[in-house]
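Structures incoming, each one as structure tokens.
One chain, chain A, links the two complexes that follow: it is found with chain B in the first and with chain C in the second.
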Partner chain A sequence: MDRYTEQRLFGFLARASAALILGVLVMVVGVTLWRGGRVFVTDPAVMVTAPGSRYMLDGGGGFLHAVLGSIFIVVPATVVASILAISTAMFLQSDYSSERTSDVINMFLNVLWGTPPIVYGVFVLTIIIAVGAQTSLIFGTIAIAIFQYPIMTRYADEALRAAPDAVKEASYGLGATRFETARMTVRAALPGVIAGIIMGFARGIGDAATVLFTAGRSTQMPGGPFDPATTLPILIFEQAASFNAEVRSHAYAASFVLIVAVLALILASKLLAGRFARFAPGGRHS
Partner chain B sequence: MSNDIALRTDDLEVTYTGNREVTAVDGVSTEFAENKLTAIIGPSGCGKSTLLKALNRLHEIQPNAEITGEVYLGDEAIYDTDDPLPEIRRRVGYVPQTPTALPLSIYNNVAYGAKIHGDYSSEELDDLVESYLRKVNLWDEVKDRLDDPGAELSTGQIQRLCLARSLAVEPEVLLCDEVTSALDPISAEQVEETLEDLKEEYTIIMVTHSMDQAKRLADDVIFLYLGELVEANDTRSFFENPKHERTQEFVKGHTAVDYDDEPDEESVTDQQPVATR
Partner chain C sequence: MGTATETDRSGGSNRLDRRLLLERLSSYWLVGAGLFAVALFGLIVLTLVQQSIPIVSEYSLFQMMTSSNWDPAADEFGFLPAIVGTIYVTVLSMAMGTPLAILAAIYIAEYAEGRTKVLVSSFIDVLAAIPSVIFGLVGLIVVVPFVGDYLAPAVGAHSIGLGIVTVSLVMAIIVTPFMISLSVESLEALPDELRESSLGVGATKWETIRTVLLRAAGPGIFSAILLGFGRVFGATIVPAMLIGGQTAIPESPFDAGETLPTLIVNDFGELMSIPLTQSALILVGLMLLVIVWIFNFGAMLVRRRLQRRWQY
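== the complex of A and B ==
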């Protein structure tokens, strides 16, 4: 095979794999939008209606409980996890840690990132049993926060490392303290840090295994932090397994809500990152 | 050199203890005169930047840097001191080599240092920002877009913004690390003009690898070679009458063509390879 045939062949393979992935993606999004969207056309209230008392059996009412459950579990988890993640990422920079320390911590974070979320679920379940509590919204939040933390920390750490040293030098050179300099570095790395937070949020809102036996799989509206709740991914699993066709069709509607939420998050992250990128060293070009 | 001394180093030695131990600055004792511009020159990797950073303890942000000796700011030691480190760095400002705006607006780039060190009313801050931007000849270019990100300025403007930012905390000494090396010739000229104006009021210590720049701007010159101080003198004597053999070689190596109208025998030999080409 001569070099030019080789080049053409590789070009073909590269395009084909891109087309394959894109095709699958379009189909996933398309099927969800089509089948879920149809439910919304015929019954738009399904997302904002509380479930009936026998929702899982007859599909009466809607799945507002899971929408609210997702929001009440994942939003606080994201807030807590981002604060912890940004603090840890600050600590991992050379101002606070030696290279060896940050290498070791990063290794643990990678292990945590790779840990299947069901393991976090079991871990939190152990805590629930140990303290004699019941599965509830707050424990779902804890499990999701633990799940999001390594993802966000790794993103934030990479972003902070990529921030130019000159920002640090300039800040110290003005007589800023270590903490003021760390905050300045976070500002310089904000587009990357935000991308990490949104990524954690998207992963958190889509994860079922962590909340499966921590949040309580409730089929009613969430009452409070110590009452059982459920999230959209768990609901989708239960709906899809139902023998009632209407409940099954709601699984697509719930998937529709999830996928739109994730797309909106990614869009928001792009917009936010673009806004802050103007301020980042290197300006819009970076 | 009858002027007052702003900064003085005493047997300063900086060693990087990484995988390979390197003594970047080796027993440097020298003086920097007040309200003058002193250029630190020398070949690449001779410890110029390390010496500069050691003057306000900025090298300490790098891991594995060890230092012995002392630096005196006026009469005060900056290593053996009870003053908090940020206070020392406020008094000895630093402008990095790469022109880098802080991730803030143009206005806040200048105001930031002042804000962290003191309480200013917003009117005072407005005045302060304007006066320092004027001082670096940037005010007219940015006065209508003070809220825009500093990072959106041109590289040359950013470097002048960096100067304004450093001056706004009212340092006694300003350290400039090859501040024109990343700039195009026109921007570099503007920054040089700014430095020319500033040296009336400030003690400036500048690392440069351009002999011409040192000749144009500096009042005094310090020549480092492999971390050791070879020669320190006023600019005129340094270039016209270098005492040390190594300085002579370095000066001629860089200026053999345009330095002397009547080349002496040595520089003729220096130019021979050119002639035989």
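== the complex of A and C ==
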């Protein structure tokens, strides 16, 4: 094979690989929307109906419990995790810690970032057993927050690192304290930070392994923070292979809701990042 | 005017006090937040170690890792089927996913231009954000019949559709976006002089990519692959949905099997009444953590070492 044939072959292979991956993406989104959409067409109320008493057996009612569970678990978790993540990212800037400390903490964050979600689930369940509580909404929130924290910290840290030094220098030059300067830096890096929070939210709402043992896999409406709850991914996981077609169809409808939510979040993160760019020096509207 | 300056000054000193107080309080909070990462990691490791002591003191680790009999009710804890299954899935997925990811990364970094490039890379980001349960569900709808009805008969194997190959096919796609974005990053960080001088001495575009760019971006790509290994290794939901759950050593890749994470998913909760089972499963969690840690640490070391050796 001469070098030009080789060049053409690998050029083709590179294009084909990218096309294959995009094709799979289109297929995944397409199959989910098609299967879930069909369920919504025949039974539009399935998302806003509470589950019946024998839900796992006959699929009576709808999956409002999972929609509400997802919201009640992931929204507070995102709030807690983003506050912690932004604080950690602030700390990792040179003002509060030495280069060495930052490196060490970054190493731990990388390890946490790569930790399989199931390990967080096991960890939180161990704590639940140790304190003698039952699996419930609040522990699901804790597990998701722990899962989101390293993801958001990485985004926030990258965004703060990319913020121009001029912001920091100007702020110190005007006599601002470290905290005031850190706040200015966060403001300058807001597009990246917001994008990180939304991506963390999207990852949190889609993850099943962390909440599988901690939120309680309930098939009833969530009662309160100490009652068992369930989320959309758990519902899909449990019902996708059910023998009852009705129960299975709810998994399809739930995955429709989930994928629309995730796609909307990604879109929102792109749009919001553009909007908040006006706070960044050199941003679109400054 | 004068009074205004007066109040400003007194208000100013008050405000300075407040600012300094806020500064002090916030610095405690931020140091705490920085240490939280370390504390969280320490707490997870300590909890898992402490909880897995009962099983380790009862049975030897070596014996559990080499025994293929998993029957908690009879106090038999053999991890071998799960370990074999995990290795099967990891190796197969990475064997399929790595070339795909590297080629796609080359396409994005070197071939695609302008709007196509933006579009393709944002699609890759979307793929990375799709929850794994959805991949599992689509796997059940699409990949399971494909493997059971076409792929397995085509190679002369018998399969019910659920099994190691099915999981590997789906996982191969799930890890690609992650490896692609890291590889694209390191390919794009290379200076254009490298490309120009290679093309300038008469190399073709592919020769430039193969002999110069992949080598120069090697450390980054290598660590992306290692991180990908860690990802597949700890994947839980897709294997749990598609592997078919069988507690025996799989004979062929088309067999059903189990991986370490699915062992936890299938048995946790149901068997909590037996304290040793709980401890054994927490030990599995600890093993996952340690192995993923080794992969991550290896990725870091590889990047540092190769960067020195493959300098350009």
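The rule is simple: the second predicted complex is superposed on the first by the 273 of 286 C-alpha atoms of A that agree within 3 Å, B and C clash if a C-alpha of one lies under 4 Å from a C-alpha of the other, contacts with A are read in each partner's own complex, and residues count from 1 in each chain.
What we mean here is this: contacts are C-beta pairs under 8 Å (C-beta built on N, C-alpha and C of every residue); 3 or more make two chains touch, one makes a residue touch a chain.
Quantities reported herein were computed from a predicted structural model and do not represent experimental measurements.
For the composite obtained by superposing both complexes on chain A, the positions of chain B and chain C are free of clash and fit together.
Of the two partner chains placed by superposition, A:76 touches none, neither chain B nor chain C.
Of the two partner chains placed around the shared chain by superposition, chain B is the only one that A:187 touches, whereas chain C remains out of contact. Of the two partner chains, chain C is the only one that A:28 touches; chain B does not reach it. In the overlay built on the shared chain, the residue A:166 is in contact with chain B alone; chain C does not reach it. After overlaying the two complexes on the shared chain, residue contacts for A:177 are found with chain B and with chain C alike.
Of the two partners chain B and chain C, more residues of chain A are touched by C.
Once the two complexes are laid over each other on the shared chain, residue contacts for A:99 go to chain B alone; chain C is not touched. In the superposed model, A:206 makes contact with chain C only, not with chain B. In the superposed model, A:196 lies in contact with neither chain B nor chain C.
When the two complexes are overlaid on their common chain A, residue A:116 makes contact with chain C while staying clear of chain B.
Superposition on the common chain places the nearest Cα atoms of chain B and chain C 6 Å from each other. According to the touch criterion, the shared surface of chain A, contacted by chain B in one complex and chain C in the other, consists of residues 177, 180.
Considering their complex, residues 94-95, 98-99, 164, 166-177, 180, 184, 187-188, 190, 276, 278-284 of chain A touch chain B. Interface residues of chain A facing chain C in the complex, by the touch rule stated above, are 3-4, 6-7, 10-11, 13-18, 20-22, 24-25, 27-29, 31-32, 35, 84, 87-88, 90-92, 96-97, 101, 104-105, 107-112, 114-120, 122-123, 125-127, 129-130, 146, 149-150, 153, 177-180, 182, 199, 202-203, 205-209, 212-213, 233, 236-237, 240-241, 251-252, 255, 258-259, 262-263, 265-266, 270. Within the complex formed with chain A, the residues of chain C that make contact are 19-20, 22-23, 26-27, 29-38, 40-41, 43-44, 47-48, 51, 99-101, 103-104, 106-108, 110-112, 120, 122-127, 129-138, 140-142, 173, 176-177, 180, 204-207, 209-210, 227, 230-231, 233-237, 240-241, 261, 264-265, 268-269, 272, 278, 281-282, 285, 288-289, 292-293, 295-297, 300.
Within the complex formed with chain A, the chain B residues making contact are 56, 58, 61-63, 86-91, 93-98, 100-105, 112-113, 116-117, 149-152, 162, 165-166, 169, 175.
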